[in-house]
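Here the structure comes first, spelled out in structure tokens, and everything after it is commentary.
Naming follows writing order (A, B, C, D, E and F), and every chain is counted from residue 1.
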Amino acid sequence: MLDPVLLFFLLGLAAGLLRSELRLPAAVYDLVSMLLLLSIGLKGGIELAKQPFMDLAWQAMAVLAMGALLPFLAFPVLRFVGRLPRADAASVAAHYGSVSVGTYAVAVAYFAGKQIEFESHMPFLLAVLEIPAIIAGILLARGLSRKIHLRTMAHEVFLGKGIVLLIGGLLIGWAAGPEGLVSVKPLFFDLFKGILALFLLEMGLITAAQFGSLRQHGLFLVLFGIGMPLASSVVGIVLGMALGLSPGGAAMLGILAASASYIAVPAAMRISVPEANPTLSLGVSLGVTFPFNVLVGIPLYHALATKAFTLAGG
Amino acid sequence: MLDPVLLFFLLGLAAGLLRSELRLPAAVYDLVSMLLLLSIGLKGGIELAKQPFMDLAWQAMAVLAMGALLPFLAFPVLRFVGRLPRADAASVAAHYGSVSVGTYAVAVAYFAGKQIEFESHMPFLLAVLEIPAIIAGILLARGLSRKIHLRTMAHEVFLGKGIVLLIGGLLIGWAAGPEGLVSVKPLFFDLFKGILALFLLEMGLITAAQFGSLRQHGLFLVLFGIGMPLASSVVGIVLGMALGLSPGGAAMLGILAASASYIAVPAAMRISVPEANPTLSLGVSLGVTFPFNVLVGIPLYHALATKAFTLAGG
Amino acid sequence: MLDPVLLFFLLGLAAGLLRSELRLPAAVYDLVSMLLLLSIGLKGGIELAKQPFMDLAWQAMAVLAMGALLPFLAFPVLRFVGRLPRADAASVAAHYGSVSVGTYAVAVAYFAGKQIEFESHMPFLLAVLEIPAIIAGILLARGLSRKIHLRTMAHEVFLGKGIVLLIGGLLIGWAAGPEGLVSVKPLFFDLFKGILALFLLEMGLITAAQFGSLRQHGLFLVLFGIGMPLASSVVGIVLGMALGLSPGGAAMLGILAASASYIAVPAAMRISVPEANPTLSLGVSLGVTFPFNVLVGIPLYHALATKAFTLAGG
Amino acid sequence: MNSSTRKLLTIITESALERVLVGDIEKLGAHGYTITDARGKGHRGPRTAVWDESSNIRIDVVCDDVTAMAIAEHLQVHYYPNYGMILFMSDVAVLRPEKF
Amino acid sequence: MNSSTRKLLTIITESALERVLVGDIEKLGAHGYTITDARGKGHRGPRTAVWDESSNIRIDVVCDDVTAMAIAEHLQVHYYPNYGMILFMSDVAVLRPEKF
Amino acid sequence: MNSSTRKLLTIITESALERVLVGDIEKLGAHGYTITDARGKGHRGPRTAVWDESSNIRIDVVCDDVTAMAIAEHLQVHYYPNYGMILFMSDVAVLRPEKF
């Protein structure tokens, strides 16, 4: 059965599609996503302190490489099969190289429900994965020929709202450790799933609004929005195995690889690749891949990882 | 003594009447009432699964009938004693046929404090009661003669913010069951009374603002705002007894009957009966009946129900 | 080591100084500071019931006097050493006679972490201290000669947002008592430090924005912003000893004396002494004194109080 | 720069009307509109925007004269009598007049 | 449609002034006003609206020429020197001129 | 009262542009600006402001004609092709013209 938090997503989706009067104020969306990002960061930061530095560095570099590579897989498909203009292909590709914090949060809830273990410094890899795809997307759109505003790019990559809260949370969690955070546990940890439920309610409403824009861009995008995460999840799982992660950890890396950004990358692309059409990339990332991943993908990628470990082990 | 959450209502009322600078942002009001509606819905939904379907259907129909009938009791009083214009009489009548979620929440807190048992699928009846009074109000204002925009009416009745969250919560609670909701308990159940306190603080501020408009409409409305809930509570209690509810359940149905809407009905009347003056109906519903019910009515209706059961039992 | 909630302050400060995109909506700031004020008020109110009335009255009067006196210490320094215009000197002086609820909250967290006991009706003294400095500031700016709008002044002093929530919380806590508040404990008490963390994140962002305005006013203000709280803390500690408070209580009174307002006083000065430049007073109060107090001052004043008690005891 | 004159029609009214008004405005031929949340006071008393029922919206529409007049007349007939609403118009210079 | 000309007076200032300004505006004869929350930058530096102290409001008043001038003069005398404030006026066409 | 005429330039666009636009506006010589949050609909479809990506802002700038034209041209060249944006201008009377 579906995790109950997903029922909130379906409620939002239904309310949106039925054009109900339900509309959460933007400030509530901001509060809820801020709490989610901080919670995830803090939880990951606590674990960082326990990891040997070299392991972390090694994993970070491997994952950076994956985030930079995935857009280069997606781009030719979008450009030559989907016949998208160059800027649009680059922008969509960047979305799929990056990650969705919401998808990760749903996966955490799913894994907790099924008592699946995974490396608990995963939020660190999540933060790392936010970054390279943005740079890859800009390069794909502009090539190396044209002057790229390095300052603007750096600003977009490192100083976006999401990345600051995630990395800030990681640092605070790392510095304060588990005892230090006991006093903020009721807000950031105990309320986590309730906050996630509100977030998914809102995401349902937002997703419903994307369907309209999807209709214009047709079947190709829908297929891409399902095919691409399937392919990426395999890349993520294989990399997880190569890095020596546990089965749960490899599955989680598959989920991260499969997820597509809808916060950091859209904001960065809007400034750095303005000629890309944002309704197109948000349409496929939010309208297709996000619901596919949270409703179907997460258990699927976990099953894939389990099978892969059985095969590799046998 | 007063339940402590009511002290927050009095604080808001005092701050409002003293024209203090205290003003909560609309987004906070939205968040707080959304949490309240979801909490009530979820709690009721959990219980729905345990009820035999036929009992529920039967109770729902009886309660639907009550909600449709009460406006027809109120209307002649408003029209012929109070000499209100037809549209205004219809609109006020609709408010009193429907329910106030805030009043219900205060009653839940009161019953919990006094350890009074009641049928825990009551939120289902609450949701059901939101609906018929709107239709009755429109009919009272328009008669059957003039064309009624069925689509608009259906939209207002079923897709208002309050009803979507309440019914959504019921469905999620019903589908997820008590174990499924354990993880969201800290937000939706543990914080319930704190959230209710914030909500009542805000309601105090809003109520204070209604007093001004009341002054213009004089004594009749004040008397109506107290007399009508007294009468309705008797109807609700008697119906509760007839349906075989427990004493607590019958008292709660009396409270629901006595309460007057200030969310769903005003919004619907504004669109469907625009010539009705909203300050008049909100003035009496919020400025008189809401404070009367939460401060005086709830214990009174409970005492009434207890007496009725003693008489009936003896 | 720093209390973990202060890491959130540093995160906000860093994000602000790096000009990140992180910006919390004003509604979130309002919600968070409202919860903080109510929590502090409720907690203090519970304790009020336990105190003999005469003790309270006595302490309140002593503390009122201190709050009225401190601006008269600060004013000549600002006017004749700092050569500020009269209105500015009066306004800054008023800020330093009043208190900072945020600083108090951080001190509460610090004392809890170190298990330092202090009189738990301290929030009552905090509320009392909000008031006299405003009046002193207006008198310093205007003298007794010119007509002062008493009504406007009373409104600013007693009906500001912060004072209404703090005193409202005190009254509710006092009336409801510890058992009465059990049901709202999850929101107002368990979440306290999490809410404080969010508040400090926001304060970090706001503080960062003050640095710009500080630069124009130079070294004098920075020195004043550190020297004044050091002097005031001594006054507070000595008064605490004279009033027979515990070492923790005297330290806390020192912290209150040392803290500078950034909510009630700026709002009141803007209306009552409009020719005072608000960026100047907020620059020094928020840009210098607030970070100094929360990062360095609190442990320092506590050490001072401990030393004073040893000397006095020996 | 090719600049040209259009009408700016500003409507201030109850936020309860948002959904129906934007439908009307589009049907009457405007190519766009902008909405901001507002509060205020008028003949129907104060509207403080502390909750949905007392919130106002401000709708700005840039369009040609004929459309502006059509919208204004439509609103005056259908909503003026029963809703808190004011409405005013002015001339504005726009670039890219073909957009409006 | 009977349309007629009125003044639209727009004031942008610190939100701390809201309570007193709306009192003044009503006293000086305006029949209504509309307020929206704003942020901005001017001679007194940036006002980012992240908290109450740095928030602006925009007040729009539709009224006759004499009232507009009276309000503008009153504000210029009483608030211009000490508060962040700008103020501008234009002509607008209104329906139902008797409302203003 | 010494009143004088200035241009009021209003820009409605995606809130993603806020940071860069205010930089441009200041560089091109305006002495201030005011921003309000907005939602709306135009050629690029609805922007409902439920989250950051779909929010609009309205920027009002009071300045002299030359500056207004310079800003308008700059925006038209750099942002019109790729962003949801409209822009209109009108004359307003200001007190204290030296402020703008």
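The definition used in the following text is that a contact is a pair of C-beta atoms (placed from the backbone, for glycine too) under 8 Å apart; a residue touches a chain by one contact, two chains touch by 3 or more.
Being a predicted model, the structure only gives us computed values, none of them experimental.
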Shortest path length from chain B to chain E (each step joins two touching chains): 2
Shared interface partners, meaning chains that touch chain B and chain F: A, D
Identity of the chain that, by mean CA position, is farthest from chain A: E
Chain D and chain E, separation of their C-alpha mean positions in angstrom: 19
Centre-of-Cα separation between chain E and chain C, whole angstrom: 34
Cα-centroid distance, chain A relative to chain C, in whole angstrom: 42
Rounded Å distance between chain A and chain E, as computed from the means of their C-alpha atoms: 46
For chain D, residues contacting two or more additional chains: 36-37, 90
Multi-chain contact residues (two or more partners), chain B: 21, 23-27, 30-31, 161, 186, 267
All touching chain pairs, where touch follows the definition stated at the start: A-B, A-C, A-F, B-C, B-D, C-E, D-E, D-F, E-F
Interfacial residue positions of chain A with respect to chain C in the complex: 25-27, 30-31, 34, 155, 159-161, 164-165, 168, 171-172, 175-176, 180-181, 183-188, 267
Interface residues, chain A side, partner chain F - complex: 23-24, 26, 29-30, 161, 202, 205-206, 209, 212-213, 262, 266-267, 270-271, 274-275, 278-279, 282
For the chain E and chain D complex, residues of the former touching the latter: 1, 3, 6, 8, 22, 26, 31-37, 60, 62, 90-96, 99-100
Of all residues in chain D, those that touch chain E in their complex: 10, 12, 36-43, 56, 58, 69, 72-73, 76, 80, 86-90
Touching residues on chain B, where the partner in the complex is chain C: 1, 4-5, 7-8, 11, 14-15, 18-28, 31, 109, 112-113, 186, 190-191, 193-195, 197-198
